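Labels run A, B, C, D and E following the written order; every chain starts at residue 1.
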């Protein structure tokens, strides 16, 4: 369920349009951050209570020293830097992944324009090519998205959804036995290419150009699926992710001690910091540092169940319906040609 | 109403050309920032008056402590970092969106060069293909831009504007009943492709090349429209926007207290800061941090009503007029071939 | 007049090659920055003299307080951040604009290879197509560059330069009356496409491939011109430019006070800063912050009169001469085929 | 052995999905950093013991001065900046390299669709073209990857693997004698192009289009191999790598002294820092600065033996098997055409 | 002489692979930085000796004040920022330039596959087209690289190298007289295009496709050469380079004074900094700031004599040899077609 808010920020008026975005729950920072914040504040107040009510004076002095130690070194952690560079990379990959998702519309237009015939043979050919494209993309989706995998756990579920036929399933299973271990999401595209060749031989396609055009589009489609799988296979290097996670968590580890209020130090003059009890700015810092990390967490795999993830299941349905619409219902069927309003 | 100022900065002379840009109102930082600034300064001076005239000495001491607390932690907020990385992403998407807007000129040139005939049939075909392209783009615009939506709230308004005919509207509505729920902005492009196929069959197009060329261009056009809708659908993740907004607003929350003038602290020697009454530098900081955020706010959806947004309504008109000009008035019609000035 | 210095930095030896670049005037930081620096130092020394010779002790104390206030808050302005991100965007656009400038050489090669005939008709066709390309680019240049506009303020100046003929001018003017308000720089490209179609009909071009190839190139050329105009029309958002300008100027506003030498503060021990009279490091800072801003100012519109701007007028001449050379003088005219030195 | 963890971070729930990534060993920061950390802590504790137990009071004072000196200047080293920019470049190159790896699938689809015939001649042609592609890629891999080089140290090992035949090896060796010194990974692609030309002459390919299509794909494949070798040949400039390495190591050189606990300085009041014995925050800093550097180290050559490197040997096997599957087993062999589930 | 070290960093083991890179001389930071370092340390120690042995107490006090002044303002210079952004741009351009270098291999494959005939005429045509490509690239190289210019100072040297024939030289010189002032590196490509047209007319090329394919490749090659020249002509704006250079040199100007050891200030308590005599951390800082600048210096023109520059002379030789190998020795000549090892 993608969170779209573009319409709400179309125009920037009054106090600005971003302000109202702060009062949303779905896909929001609060929804993602609250468990961590809860844990953080819990620890913070436990330590605070310990200091105020249970420690004797000497222990309080040691506590205060540790607080100062944590504060001093905590501020040396370059959280914003590490996060800035890391999130740039993750956001770049996230959008690249979206752009890599292939849509069958182009193929549908070419197939509809080039494969002739309203009789059964022509229709079956057109529909089957489109079905194979949708099948290929769906198979790729099951490999990368737990959500689509849950919907189509086996080939039989693809049959039920009308994407696969019984005889095709048998061939896939046979090839899986012959050459095991490699993903086979490209299989249906190869079949589609065979149908195109056959359509040319049988004269359903009238020129070699059209063959080349459709084959080119099929290859682009197949390579789009391949790129999606590559993004899944080659993650952002684990080390980088760990570095960032470590930086953020160590920062808040230092904050949970270092931001404690302690009694002013009598030896250093004038150090009488106010005791606000609730660490208001540390909480705000928690929101945006941890929120920034959550941006990365929810974008690093955009095919999951996060509020911000792409709606692959919706795409599966849309692709099949729109493909059939273009190559069958609308095939060579355009509105009557009439003079337009500005004619001479 | 795009704000163009490139002509004014063509040459960088004297004190530089950016200085004079500071004295503009349309599309300016002042126009965007003033309500926030007004609120900020109002709060600031209320607190200032409270401190100076209404608090007793003891309360003033507490106030001063809170001021120092806010100042210390406010400076820890990495506003410029978060803004720098976020605005980079937003500006990148903004320009990508502009580049994604398809223009029908290429199609017009190909259609004009390849679809023959000055008699009515040929002219209707050429004009209709171009009308369908413009219609497709306009339908995409209504999906992403509130301004274009306001101009064409229903299909009937498209008919009035001469972009759609009555019989076409009926087909669209029928297909909307058959396959509801998916946007149909690609429909006219599919019709245009059908007309191209028919023109080939009827001999208006003489070779298969031309068919392929026009179909390729139509597909590029359709995919341009699709990309525009994608940018609208997949916003910059909400969490990221919230993180940035939170950072900026918490910074100014800390400033509204932390930048207050307080009586010098007698215990710490030499701390006699001047009392300027008006927080000149904080106001400047407000201008560029808040202005920086407003850059993001007005670019995150460039299809709205902001001064800096793209002029989609102008494009709608321009595209139809220029398309008709190329494929009809200028069709296969070039100036007489004469020897040029440098001949031999 | 582009400033090329690549040859001077080919090899990095001794004390490095960048050092000698510091002693150049054309296109240099000094040339761009000196008026601002003059004003800055003037103000600085006026204030300095005021403090040293005209203020009494009490006034000096207030002055010193303001100095300390300015210094403290001036350092909070994130000039280098804002500039770093902004200049990245501007430099990116600058180079993209250069890359978008279309060159007619490809079209010339295709036209020369595919349009046959040394007799007058063939020659006129080849030359006219190339002239139309150059004309189209020049018309685009007049829209974006004040320098080219100054050279060709009206269509008559284009006739004088041999880029336009009298009869073509009349057609352009008529179309301008029919469809006013839109730029017409694409008109000549449409004419060129018409000539290509006609050449095919008259058998000057022997195959449909060649037609497609040339039309494709013409379209690329036209879209290159269109992109140039887009860059001119859609500037970097004004708000962003204002944010950066404000940041830099407020920084130096704070420096002109905050970097003043003031008498040591007797209450704070050990604060006896040396009085150098001339603010050497502030001047250096002025050079690179203001210089950095000037980088942006001179790149934001690379079609003006700055030392670093692209030499469009040179391109106009070069394109026409080289085009004619390729399609006419060198047409189908290559050196005799001889065995090369390594034959067998 | 690529480390994929995308599936584990599909959804960001509870305390976030990155937290559990911290407890992995393969490809982890701990595995990469522990030898350095061991050395660092060893030196740190040696110095600590020296200070506490072996130095007399006067020596301790000097030690403390050096500690303060190191701490002061150590913090001036901009490690996070240098690392941020450097790692951005390295990560960019790393992903570009992955994207440059050519896959033979497209060629297989085109070869299968366009080269006719189930008899021996057709099959040999199709299989040989694919074998040459795989051979070319494998030869490129041996040039850039020590792991693939170890598997195929000589041409004979390629013969054993079925990628090369005896007669082909002789030709390669002869050409190596004729034109020594240049890598020959493009040779098999040139042979494949020759087979395509011959297949056209012998009528196995029926149209010139198909020839062009396959040749284009072969060229893309060859240039992909060439780009891989370029990335290997033109490393990130050594100076840049050295700058980054120096920055990180000097930072930790300063830390090993500068983070030592020393007795409070009696002259400066109130400096009683707590003595934690174990430098907890310095160790954390070590983890993420050194880990960040290791990100660069393991990505700078993604064809080695690191946990995060690409699995080239797996690709070599997969490519040959899948290629043969597409052009031979599945050649023109698609499931029977049946009506799908949604057929009217 | 490119410095390749990728093989050495294939695997990151033990203390990491970057550590050993620190002990290299060719292309290293030490080789580039030592003259500057020598000068810097010389000045540093001169000043140090002056302070310790020649100044009287009062002069020492002034010296100390200047030291403190320099140290305070020196740290305000944002060297790492400016360098980070600038080097990003330079590294981007450096790699783009490498990618722009055209390789004749694609053209060779197409020419070999499409231009028929083993008799003299066919061979001369194929060889001449390739020679013209290599000639064009070499002429472009002489314009941008002092090293290639030194090898081919005149056209006669190109004749000697077998890239040019006497009669061709005359034509070039005549055209140079006719249209002086523009670079002519595209001339040979135009000739090559003429040969292709002629080969089609004489039936050496059998279809119009092949003509288009080769012409397209020739145009890509020509435009690659053009881009190389553009990068040379349009340098990174001089102002930007000067800004960066000024920043680095002013930083070290401030360091040479500001990092001097001075006697502790008796009025400020506890300031007894250790006197290390040798400024170890300043030297390290010098290494990586100056080294970072040298990265830019050696990459800003990658066609010079630096250790890291591209080996253009090697490319000139390689291109001609490999081109002749593909179009002549290997023309249409592939190993006998045999069944492979996995045949059924």
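Criterion: contacts are C-beta pairs under 8 Å (C-beta built on N, C-alpha and C of every residue); 3 or more make two chains touch, one makes a residue touch a chain.
Small disclaimer: the values here were computed from a predicted structure and weren't measured.
Visitor: Any chance you could name the chains that touch subunit A and subunit E both?
Guide: Touching subunit A and subunit E alike, sorted by label: D.
Visitor: How many angstrom lie between the centres of subunit A and subunit B, each centre taken as the mean Cα position?
Guide: 24
Visitor: Take the average of all CA coordinates in subunit B, do the same for subunit E, and state the distance between these two points in whole angstrom.
Guide: So the centroids are 39 Å from each other.
Visitor: At least two partner chains per residue is the criterion; list those residues in subunit B.
Guide: Each of 32, 81, 84, 88, 209, 294, 298 in subunit B touches at least two other chains.
Visitor: Edges wherever two chains touch, nodes for the chains themselves; is that graph a line, a ring, a star, complete, or other here?
Guide: Looks like a ring, each chain touching just two neighbours.
Visitor: What's the ring order, kicking off at subunit A and moving to subunit D?
Guide: A, D, E, C, B
Visitor: For subunit D, which residues count as touching subunit E in their complex?
Guide: 32, 35-36, 39, 62, 65-66, 68-70, 73-74, 76-78, 81-82, 84-85, 88-89, 120-121, 124-125, 127-128, 131, 144-146, 162, 165, 167-168, 171, 175, 178-179, 182, 186-187, 189-198, 208-209, 211-212, 215-216, 218-219, 222-223, 226, 230-235, 237-247, 249-250, 254, 265, 267-268, 293-294, 296-298, 300-301, 303-306, 309, 320, 324
Visitor: How about subunit D: which of its residues touch subunit A in the complex?
Guide: Against subunit A, subunit D makes touches at 2-7, 9-12, 14-19, 21-22, 24, 27-29, 32, 75, 80-81, 84, 87-88, 91, 94-95, 98, 103, 105-106, 109-110, 112-114, 206-207, 209-210, 213, 269-270, 272-274, 276, 281-282, 284-285, 287-288, 291-292, 294-295, 298-299, 307-308, 310, 318, 321-322, 325-326, 329-330, 332-343.
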